[in-house]
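Two complexes are shown next, each including chain A; its partner changes from chain B in the first to chain C in the second.
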Partner chain A sequence: MADQTFPIPGTLDAGRSRGAALLEWLHSWVVTVDHKKLGILYMVYALVFLLVAGSEAVAIRIQLAIPNNHFLSPELYNEFFTMHGTTMVFLVGMTFIFGFGNYFVPLMIGARDMAFPRLNAFSFWMTAFGGLFLYFSFIGGFGLYGMGSAPDVTWWAYAPLTAKAFSPGHNTDYWALALIVSGFGTLGAAINILATVFSMRCRGMTLLRMPLFVWLMVVTSGDTLIVITPLTAAQVMLIIDRYLGGHFFDTQAGGSATVWMHFFWIFGHPEVYVLILPAFGIASEVIQVFSRKAIFGYPAMVAASVGIAFVSLSVWAHHMFTIGMTSVSNAFFALSTMMVGIPTGIKIFNWVATMWGGRIRFATPMLFCTAFVFQFLMAGLTGIMLAVAPWDWQLHNSYFVIAHFHYTLTGSFVFCIFAAIYYWYPKITGRMLSEKLGKWHFWLFFIGFHVTFDTMHFLGILGMPRSIYTYQADRGWNTLNMIVSAGGIIQAIAVLILVWNMMDSFLHGAAAGNDPWDAWTLEWSVPSPPPAYNFATDPVVRSRRPLWDLKHPNDPDWKYER
Partner chain B sequence: MSTIPIFADENWRLPSRGRVAMFCLIIGESAIFTIFVVAYVYYIGRSTYGPTPQILDVPVFNTICLLSSSISIMLAERAIDRGRIRNFGAWWGLTMLLGIVFLTGTAIEWKRLIFSDGLTIRTNLFGTTFYSLVGLHATHVIVGLLMLSLVMIFTLLGRVEQRHAERIQVLSLYWHFVDAVWVVVFTVVYLVGR
Partner chain C sequence: MQRRRSLPLTRYRVCFLALACMRAMPSVAQGALTTPSIMAPASTPAHEIYALSQFVLAITGAIFVVVGGLLAFIIVRFRERRTDAEHEPAQIYGSTQVELAWTVIPVLIVVVLFLTTARIIFAIQDAPEPKTALDVTVVGHQFWWEFRYPKLGIVTANELHVPVSTPSAPEPTYMQLLSADVDHSFWVPQLGGKTDLIPNHPNQMWMDPEKAGLYLGQCAQFCGVEHAKMLIRVYVDTPDQFAAWVKAQQQPGAQDAATAAGRHVFETEACANCHTISGTGAKGTFGPDLTHLMSRATIAAGAADNTPDNLRSWIHDPNTLKPGALMPAMQLSDKETDEVVAYLTTLH
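After this line comes the complex of A and B, so read on.
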């Protein structure tokens, strides 16, 4: 190999075939440690799984559209709703937030990369492997002979259903092992975000000058540290039970199924705050830019976010009111759950106060965020209803609960993610998304969302339980289920419009320039897409809106800001 | 308004990213241990058959070894901070030795439990929770020892210098954490639960 020559950057590559160029391009994505490229990888990965899990949701809704339907087999139906939940939470939600976090946290705090670029790449590929492993279950094992061995034990995987006796084969193992692997990826990503924010800020970027999105990523990463790890621990116990003959959740030997519930929801409930907090951050950025006003009550927003993270750690057993806890526990968890409403209420008032008197521009990101504020309010109100233990005894495991958490996760989280896509796509690609298609996307998704999930509340009150394969025609649920399913189709069309918009605008969109929205945070001060080194010279910051200071040297924020 | 202070930008200093990251890792690991400790405490006395915690002997010598390794690694940190590489190597080696003695002690204890008392992870609930909690800690000791030996190899090759003091201190944080967790595990398993 002594005579081997190595390519020198900048040499003539006229002789190179297109195949080789493509291979090199792909290779550059695999070996990259650049936070921007990894951020894009996270987001593309999340988007792909959004489509996959969305298709599963559509299949579920087709199955439930009419009574006594056999569109899916019962086994496949169980696999689909398990995989829909697991995918949406772990492969879509978590990866979207860490995708946006990866891309924008260093840019917003004036850093040139994350604190640990290689850990960053490692985290992404662990997460990616976890997701692919989870989906390999459809064809792995004896998959090709039947329906596959995809997890079919619901995404909360209650014991003793997961015991070897009741879940033979590898369905449960795929669920546990895939999430342990992706959990380590998530832990690495969270550690990286925290180290970046605490140790890599540019000069003058004090903690209380950081953009709210960065603050919320800090809070959410801190929560991730103590929330994802209990799930990993519980899943290790599950694997010990299944493979080493342990007895953690084995009620025959003195183990307890309730302990699994506690361990799962100690993870499971804060997890939804882990997802929704960065969505708050996105909304705070978008609403202030499109209302042309600095955010109302910045310190209160920060305090409320930290408050939500703390309170969220003490509410988990409101998922378990029906298992027969003591009345003291019921009262405690009912009250602590209602306490979440206080910091959340502060945030909603602050968003409304930011819009109040502003010159609002209803571009697509702002449309999504405006809808988010009101839908999140609704979600919070049904949340308080479910926090009342006697009310929960009636509606537990019904479609009312499904409607409630889809209001938070779709109506709030996904709406903010869509807002973020429209808001930051110009920065990432250098091209604007089509506003016309964006409006179509928004209105169709908005209408579809309300048709589906508003109706679901009534189904729940009429007593339709969750996770059922089908139902009898005389239960009085037929019309409502048909409406819910129709709304699901409308949402699917809206998401396809988004995908088309993203692909079409990537090739034909209008050039974005550095700062298409006339925004105020540091990521808009660099070209779109940003160069590999982010900032040619390290920025210096004197207020919360560094770009405003630059654009208005006669009236800078730092003169007034406390 | 002219009195607005220009930020004190001359001494713009931020914490070391290694320390921040290691503290974060420790917080996450603590949550994992918390879950296992809670499981252990909750299941004390709930085994329906088989050996009970009364068969355990309190591993006093083991505990003394592991806890004193925290002191020796602290002396190693101090030595490298002052540039005394030979001292550093000696204290570092002693730390590793104490860790290895601890693991050996655990191995002897487990051998007795398995072969004379007939307690394995599948025997009963006590076996499941005992081996998983103590084993989780032992796993952390092994990971720590692997990292310590990596540094030891570099020290013997003469590659470790005073400028690496901070990295060494970050790694030591992990070792201190492993020791601190043992205090909890020891208290729960051998003092409270027995």
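After this line comes the complex of A and C, so read on.
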């Protein structure tokens, strides 16, 4: 069904023009319900927005490189940092995980497609139109006459700055409506992943034999269902406030600004875990294959993932230590936040134990994953510092926080996404990415990352708050800001190398074959790229590493696994 | 083998580098005198947070060294070598004892961290207000600060004066935090953590600066276009200085016949709708109180120095100094502007 061609007016079988063939090819992408094609669409979409939001970050850093700079106007700066955050979380992060999830969950559990192919297509296009709508704000409305109506209220959009009185144009409307639309897409994708995993596993694939990436997609999808809902509800209330005279968050009419904060962060904090959990899944796959060892403590890894998902639902108010909660609430949320450190610690120790005694092959995916473990350790430790509520009274909304969450979202999430691109690109396209360019990409990005974000910690300690479009020259922040900006440029160059590598290797890369990494999960048992419907015959598995069993018939996993 | 021998050397280098970084940290963290560093506390809450942060840094630093070191060792020791045997390494699937160990140890660390944290939360947040305390009401506005001293009958803006507080004569400052429009956050790092100013949600915070001087800070919660130029200056005065300042601030606005023309313009044009100058007809409350404008070092919440030239360009068009400020361009003639500036510069 998926690749069925539809007649396009003006084309007949005999001697079709090139233009018609192109149209038909494009048409096949628009109408597809194939999980692999939709997965590719998600990933390309995420990559495009990664470049867009990355450019915004570069503009932000040029503006902040020197004090009292006039590169961006305050209005445009506020739009850029709002859009950078919103884009990276909703249009890059969420779409990357559902892209990889869409493509690889069915392959890894031995299924021929997702449970609901049409819902799958619907979800993607909702997400896509949400993103396009968000970016239409730059040119829509008054945009053609000036700076546009892009959202400029920060990605957490605190009330009452979003009320009609303080945000009179359509900036806030674009933000809320675009995220409601893409939110429905996200919910559909999450439901689809859950249904697929619970109903379409191949014979022998018990829940405790699923690859960890699949497990983490399950956990993340469950979390998504729980946390996107309050966000959508809050945004609907916001629109009611703005257009139907509601007073949920309208403080001038007795509404509550803090209720918005609770709604937003009960979404906002678990959202970080929604993004990082699949990254854990990617790291778990890559680290075992490139260490040539089975994952250490698989049941502990699964339990820790589920544990993180549960605990993450009880920590949201650590974003609100400064809003004047009672001392008891502050203590509670300090404790619950610190408790996240326990299951995440277990995961780090298990990765380290997996590498211990292995024969570690530092191909590009493994380079990214090793850097990830190191950076995630650091992110976890700065997270503990921020959980210490009194210290957070100092660090909150400073550049220290920016550094901390970029350690989790760039240093951990994006590093794993890059690892996944290098790891699975051969499966998706049938061609290898250039290792030489890959190493250039890794080292430049790694160095740029640390130059930028290590330095940011110090800026926060020196009292520089976030969200400011410029700063005073006498604060002692000048040199550090220049260093941060330089690191940003290095990262931008590294990402361009990745894009070049992906395009060049698509045409000229070495043929990948079925199983270039000598890996163990089911997706490597089919040709690259996998044929329509993936498996010619339904696979049967007896362990967590079916291809290991196949390659080592005398010493299969199922003899040892518990 | 070549690589192996160079390993100790590398280790020494790494150790040396780490030591050098740690040595450099306090000096970097202190920064220039005008740097609002959280590592240079000058008030009890800031000191308590600083001490707690050192304790947490020590624990997290130790974890970082142990786990990071282990990871570094693994990267060097277990990377693939040409001399390696062809077959796969031994497969180890896990160990309940080991898992238990690295679950229990973090639990213990969390217990210690939590108890220390909770102690400081209660110590700072629930500290009872002493009778000798100075009360200040802070009102956040887009994009400036209003400071009211209810017991002293003083209203001023952007530059907070508080007395120094010594153990022998404690006079802490207790602040009631309100907002006139959107969320803001009061943050002067050397004097304490930040607390948000939220409409319909009054908050409190306190500080007891131990040394006279100027302390800088700024709004720490995004509040609109000019969030970046919503700066705070806290002047910690000696008891004598503070008493003198209070006395001066309690006077009505200066009356100088030479600048009566400027005062007339101020009272009859739109200025009076938003600004107050006590002793005159100007009673607006939307903008900062200007009764003692010249006692302040800056205008526009720290966006510019308080000089006649800056006052003139500010009145002509606030957007030149602070694009997005809510004060409109006043559309006065050059003569009127000069007169108003001449009048304002008498308001000591």
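The criterion applied here is as follows: the second predicted complex is superposed on the first by the 548 of 562 C-alpha atoms of A that agree within 3 Å, B and C clash if a C-alpha of one lies under 4 Å from a C-alpha of the other, contacts with A are read in each partner's own complex, and residues count from 1 in each chain.
FYI, a residue touches a chain if its C-beta (ideal position, glycine included) is under 8 Å from a C-beta of that chain, and two chains touch if they have at least 3 such contacts.
Everything numeric in this text was worked out from a predicted model, so none of it was measured.
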Superposition-derived comparison: chain B or chain C, residues of chain A touched: C
Which of chain B and chain C A:G169 touches, first, second, both or neither: neither
Partner chain(s) touched by A:G246 [first = chain B, second = chain C, both, neither]: first
Residues of chain A at both interfaces, chain B in one complex, chain C in the other: 254-256
Of all residues in chain B, those that touch chain A in their complex: 1, 4, 6-7, 9, 12, 14-18, 20-21, 24-25, 27-32, 34-36, 39, 42-43, 46-49, 121-122, 124-125, 128-129, 132
Chain A residues within the chain B interface of the complex: 115-116, 187, 190-192, 194-196, 198-201, 203-204, 206, 222, 225-230, 232-234, 236-237, 240-241, 244-248, 250, 253-256, 259, 263, 266, 540, 542, 558-559
Footprint of chain A on chain C - complex, ascending: 28-29, 31-32, 34-39, 45-46, 48-49, 52-53, 56-57, 60, 63-64, 67-68, 70-71, 74-75, 78-80, 84, 88-95, 98-99, 102-103, 106-107, 110, 113-114, 116-118, 120-122, 124-126, 142, 177, 181-183, 185, 187, 189, 192-196, 198-201, 203-204, 216-229, 231, 302, 323-324
Contact set on chain A toward chain C in their complex: 73-75, 78, 153-154, 158-161, 165-166, 251-252, 254-258, 291-294, 296-300, 322-324, 327, 330-331, 334-335, 338-339, 341-342, 345-346, 348-350, 352-353, 355-362, 370, 373-374, 377-378, 381-382, 384-385, 387-398, 458, 461-463, 465-472, 474-477, 552, 557, 560-562
